[in-house]
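Input: structures, listed below.
The following pair of complexes shares a single chain, chain A, combined with chain B in the former and chain C in the latter.
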Partner chain A sequence: MSAAAPHGANLVAWLRSRRAGLTLAAPALFVLIFLYAAPLAHLLAGSFRGPAGFTLEAYTKVLGDAYGRSLVWNSLRLGLITTGLTLIVGYPAAFGLAMSRGVLRSLFLASLFLPLAASVIAKAFAWTILLRSHGLVNDALIFLHLTAKPIRMIFTQTSLIVGAANIFLPFMILPIYAVVAQIDPRLTEAAATLGCSPARAFLRVVLPLSAPGVVAGVALVFSLSVSAYVVPNLLMGENYPTLATTIAKAFLLIRDPALGAAAGAILMVIGLAVVVVSNRLGEQGGQGR
Partner chain B sequence: MTPGEAVPAHVAVTGLSKRFGASTVLDRIDLAVARGALVTLLGPSGCGKTTLLRLIAGLATPDAGHVSIAGADVTRTPPHKRNVGVVFQNYALFPHLNVGGNVGFGLSGKGLGRATIAARIGRALDLVQMGKFRDRPVTALSGGQQQRVALARALAVEPSVLLFDEALSALDRHLRETMQVELRRLLKDLGATAVFVTHDQDEALTMSDKIAVMNAGHIEQFADPLSVYARPKTLFTMRFVGISSELRGKVSARSDGQVRVETRVGAVTAQGEQKVGASVVVATRPEHVRIGGVEDAGDNCAEGQIRQITFHGSRTRLSVDVAGVEFVVEIGGVNALPAAGQAVVLRWPAACSFAYADPSAAA
Partner chain C sequence: MTGALARIVAIAFMAGASLFLLAPLLVIAAASFSPTPVFDLPIGGASLRWYGAVGSLDGFWPALALSLEIAALSTAISLALGTLAGIAITRGLLPGGSILAAALASPLMMPGLVLGIALLQFFRGLGLSQVFPELLLAHVLVTLPYVARTMIAGLSRFDFTLIDAARTLGCSFPASIFRVMAPALAPAYLTSGLFAFLASMDNYPVSIFLTDARAKTLPIKMLQYIEESPDPSVAALSTLILLATLALLLVADRAVGLHRLAGLAE
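Now for the complex of A and B:
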C-alpha cells in the first residue's frame, strides 16, 4: 500500500476503487478488529501498567530472574523438541500417505483427521491413563517381564514430549503431504535418466521441492506446541511451568494480570518471529522456481 | 567387419513383453535401431509405444525379453547407469533450478571440474540456441523454450541414445513443425541415435529414418517413412499413416502379385497375394485418385457423386460417394474446382491400390 497510500481527497476515490474488496472483507475485518485486535491491544497495554502508571516491571519479572527465564526456555524447549520429533516421524509418513492409494490412503487420512475431532484435553488425559504407574504401558511391560516394577513415566519430560508429538503430529504431516503429493513423479525419473541414484535423486529433487511443506509444518507445530497449555499442564503439571501455564496462573490464581499479559506478549513475539522466518524461508524457496 | 555381416544394432530389443495386470501391453517385441538412426514408434494411444520407450530407458522392467544398448545387455540395469537421455512429455524440468541448473543437473557428481561443467552447460545451451537464458528460472520460459532446455539437459550428459516421449506434442502446430525440422538437423549433425514416441503421423514422416508402426502391443511395420506411407504392409498402417479410401470385395483372380477384386462398383485391381475367394479390403490414398481425365492402362475406375468439398490451402479435399462408400480425393490448385453434387468419374492406378484381408470378414 506504500505507493498507493491514500491522501485526503484521494481517500474517497481509493475506498471506492476497492469497494468490492472491502465489502467482501468487511465481516472478517469486523471480527478481527473487535474480537481480536482490540482485546490484544488492551492486553498489551495492560502488560505495561503498574500501580503508578507505565512500568516494565512485569517484563523484568519474567525476563529478569532465573525462574522467569526458565519459563521462556521451557516453552521454547517444548516447541523445539516437539517440532523436531514430529518432523522426523511426520516427513516419511507424509510420503507414505502420498504414495498410498485407495482404501489404505482413506485409512491413513482418517487416522490423521479423526484425532483432530477429539478434544486435546481428552487426548492428554488418555496419555495420563496410558502412562500412569498401573496404566496400559506399564502393565504391558510388566506382563512381558521387561520390568519388575512400574516405570515412572507420567509427569516426566518423556511423557510430555511423547504426548505433545502425538497430539501435534497431524499438523506436521498434512502440510508436507499437500506439497509432496504435488511433486511430479517424472522429475525423479528425469533425475534417474540423468545419472542420479534414487538416493541422490531424493536429495537433489524431492527434498528441495518438499521444503515449502516442511516450512509450513514446522511453523504450525512450533507455534502450536510453544504455546500449548493443556499438554504441559496435564502431562507434567507444576513440574514444567511454561509461559502458557504461567498466563493461566497469573490471571486465575495469583491475580497478577500484568504478569500474564507480559508472558502473553513474549509468547506473541516468539510466534511472530516464527511467522516472519517461515515467510522468509518460503520466499527463498519460491525464488529458485 | 566383413561384408555381409549384419551391422550390430545400437539399441536392440528382443522378445520384449510387458503386462500390466491382465492386459498385455507389449507382446514379444523385436526392434533394432542402427547407430545414428532416428527411429519413431508411431501408434494410437494405448498401443504400447510409451511403455516400450520406458523399457529402453529402464524406467520400467520387462516381464520377458532383453534390451541391449551399444552391445551390452542392460535389461537389469537401473536407469541411472544406462546413459540414456530422455526428453519427457511436458519436459519434466526441475522447477527449483534455473535453466543452467537444469542443464548441468546430470553433470555434477561425476568428478568433472566446475569449469568443465560450465563449458558443457554453455555448449548444450548453444546447440539449442538458448545460451542467453542460462540464468532464467525455467518456469518463466515458453513451451518451446522449455522444450529446448529439456533437450539441452538430455544432450549435456552425452548419452548413448536419446529418447523422446511425445516431446513435441505440447507445442502449437507452427512451432512443432519448425522444431521437427530443426531437431532432425541437430540430431543428424551430432550423429545421435534417437527413438521418438508419437501419435502424430506427420511428425513421424518428417523426422524419422525409420518408423515402427505399433498397434495393440506389437509392431505392424518397421520401415522407412516412404515405404510406410506409400506401401503399407497392413490395413492398420494404411489407415493410421494417412487417409485411406476403401472398397470391400472378394478376390476373383490372382497373378504376379496382383489380385482382381469384385466390389460393388465393379472389378478393381490391387497389389496383393490373397487367394481367390478371399474377402479383402482394397485401399488407396487420396492423392492417387483423379477426377475424370484420361484412362491409363491399369487404372481402376468408379463413378460417384461429390458430397462435400473442403479447402485445405494448398490442396482441396473432396468427399465422393461411390455406391455408398466414401472416397476421399485430394486435388491440388484452386482452378476448375468441381461443385458439390456433381457426378464424377474417379480413376486411380492399380499400382497404388492395396488389398488387405478384410478384418470384419475374418471373424
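Now for the complex of A and C:
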C-alpha cells in the first residue's frame, strides 16, 4: 500500500502531462494513420494511375458520359431523398421520444435499437415481401379503398426510398434525441413568460438548441444512404445503378479496378465533404451556445 | 393548450416511426414460421422446421463463429483504444484534440465499400493475405467511431477529481480506477460496446473485400443464402439474432436504462 502510493502519485502527475496525451492516443492514431488515411490515400492515388502513368481516364469514364453521371446522380438522389424523409419524420419523433416516459419510452427506444440488430439484408428482403403486388401494403391500400388495383412498388424507386428510410431512420432519431433530451424545458417556459408565442419560442429557442443533433443526424444518414450498397442492390437490382453498386461490380464481377477506384474516389470525396461540413457546422453550433 | 397538442403530435410521430421500424422485423419473425420453403408470410399453418434448418445451412457455423470472434475482438480492441484516446482528448492533454475526436468519428461516414477496397489494396500492397488479421484490423476501424463518440461523451461528463478524492480517502490508484471511474463509465462502455458489436456483426461492405472463399462472415453468407435460395431459414436465423438482442436490451434497460444508452449515442 505504502509502496503503491508514490507510484500512483507519479502516475497521476504523468497523467496530466503532454507526453501522456500522445502516449494515450498513440494506438488510436496508429489505427487512423495506417488503417485509414494511408489506404484511402493509396486508393486515391490508384485512381489516377493508368498503363502509361498519370491519367484521368477513369474519371472521364465515370463523369464523361451520361451513364457515369447518372451513377453519381443516383447516389446523391438516394442520399438526399432518404435524408430529407428521415429528417421530416425523425425530427418530431425525437421530440416525442424525449417527451415520453416509462414503458412507452422503453418501447420506443427498443424499436430504435432492435432494427440495428437485424441484418440489413433480412430487412431489405422483408420489404420486398411487404411491398410486392399482393403484399400487405397493397392489400391494406385496397382495403382502405385508396387504390383499386395493386400498385407496382417492388423494384421501383418507391420501394428503394421506403427501404432506405426504414433502415436509416434510427440514425436520424438517436442523435437528435440525444441533444433534445438535454434541452432544459424551463427555457421554453421562460420564453413564454417573456411574451414569446409557442411558435416563436420554438423557432428562437428550441430549434437552435437542437441544431447540433440535426447536423449529426443529417450527416450520418446522408453519408450512410449515399453509399448504401445492400439496399439498392436488393430492392432495385440493376435498375438503379449507383456509385456503390458500381464499385462492387467493378471489383467483384467485371474486374475493372481503375473504374472501381474512380467511383470509390468520387464517393470518398462526397464522404469527406460531409465530414468537413458537418464538423464546421457542429463547431459553429457549439460556439453559438 | 398548444403545448399539449404539440406533445401529442410529437409522440404520435414517434409511435408511427416505431411501427414503421418494427414492420420488417415482424415480417421476418412471421416468415420464420412459414410451413412452405419460401421466404414469405406463413399462410395456412406454422412450422418450426426452419429453426432446425438454420444449423444445417451450408457453411453456417464457421461463418457465425468467425463473425462472433471478429465482433468480440474488434469491439474489445476499440474499447481499449477509444478509452485511452478519449482520456487524452477530454483531459485536454493533446494539441488538436478536437480534430482527433472528429477524425476518430469519421470512418463511420466513409462509404463502407470504399474502406473495404482501400484496405484490400493496401494489405495486398504490403504483401499480406491472411483473412483473419485483416478482417480484425478492418473491423477495429469500423467499430472505433462508435466507441470514440460514446466514450468521449461519457468521459467528458466524468469528474476526474473524484479519483483524487478517492486517493485522498486512502484508495490506491488502481482501486480508485476500478471502484470510482469504471462504475461511472459503465453506461458508456455498455452503449459503445453494444453499438460497436452490432455494427461489426452486421458489416457487409467492408468484409466482402477481405474475405475469401473459405472464410466468410455471417452477413456475406446471409446475402448468399438469400440470393441462392430465399427460404425461411434466413428469417429464422434473423429472428434468433433479434431475440438475443432483445434479451440484451432488457438487461441493459434494467442495468442502466435504455434512455441513458440513447443519450450517450451521440
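In this text, the second predicted complex is superposed on the first by the 260 of 289 C-alpha atoms of A that agree within 3 Å, B and C clash if a C-alpha of one lies under 4 Å from a C-alpha of the other, contacts with A are read in each partner's own complex, and residues count from 1 in each chain.
Just so we're on the same page, a residue touches a chain if its C-beta (ideal position, glycine included) is under 8 Å from a C-beta of that chain, and two chains touch if they have at least 3 such contacts.
In this text the structure is predicted, and so the values were computed from the model without any measurement.
Student: For the overlay on chain A, clash or fit between chain B and chain C?
Tutor: Here chain B and chain C can both sit on chain A without a clash.
Student: Going by the touch definition up top, name the partner, chain B or chain C, that contacts more of chain A.
Tutor: C
Student: In the superposed arrangement, does A:V120 touch chain B (first), chain C (second), both or neither?
Tutor: Second partner only.
Student: Which holds for A:A58: it touches chain B only (first), chain C only (second), both, or neither?
Tutor: Once the two structures are laid over each other on A, A:A58 reaches no partner at all.
Student: Determine, under the contact definition given at the top, whether A:V215 touches first (chain B), second (chain C), both, or neither.
Tutor: Touch status of A:V215: no partner.
Student: Which of the two partners, first being chain B and second being chain C, lies in contact with A:A110: first, second, both, or neither?
Tutor: In the superposition, A:A110 contacts chain C only.
Student: Let me test your reading of the model: by the given contact rule, A:M99 touches which partner, first (chain B), second (chain C), both or neither?
Tutor: second
Student: With the two structures laid over each other on chain A, which partner does A:L131 touch: chain B (first), chain C (second), both, or neither?
Tutor: neither
Student: Just checking: does A:L87 make contact with chain B only, chain C only, both, or neither of them? Give me first, second, both or neither.
Tutor: neither
Student: Quick check on the superposed model: minimum Cα to Cα separation from chain B to chain C, whole Å please.
Tutor: Least C-alpha distance after superposition: 8 Å.
Student: Jot down the residues of chain A that show up as touching in both complexes, chain B in one and chain C in the other.
Tutor: Chain A residues touching both partners: 198.
Student: Enumerate the contact residues on chain B facing chain A in the complex.
Tutor: Interface residues on the chain B side: 57-59, 78-86, 88, 90, 92-98, 105-106, 109-110, 137, 139, 153-154, 157.
Student: Where on chain A is chain C touching in the complex?
Tutor: Against chain C, chain A makes touches at 1, 4-5, 7-9, 11-12, 15-18, 20-22, 24-25, 27-29, 31-32, 35-36, 38-40, 42-43, 46, 89-90, 92-97, 99-100, 104-123, 125-127, 129-130, 136, 166, 169-170, 173-175, 177-179, 181-182, 198, 213, 216, 219-220, 223-224, 226-227, 229-230, 234, 243-244, 247-248, 251-252, 257, 260-261, 264, 267-268, 270-272, 274-275, 278-279, 283.
Student: Name, in rising order, each residue of chain C that touches chain A in their complex.
Tutor: 2-3, 6-7, 9-25, 27-28, 31, 39-41, 80-82, 84-85, 87-89, 91, 93-95, 97-98, 100, 102-104, 106-115, 117-119, 121-122, 125, 137-138, 140-141, 144, 148, 163-164, 167, 172-174, 194-195, 198, 201-202, 204-205, 208-209, 218-219, 222-223, 226, 230, 234-235, 238, 241-242, 244-246, 249, 253, 258-259, 261-266
Student: Taking the touch rule as given, give the residues of chain A at its contact with chain B in the complex, in rising order.
Tutor: Where chain A meets chain B, its residues are 184, 186-187, 189-198, 200-201, 204-205, 208-209, 285, 288-289.
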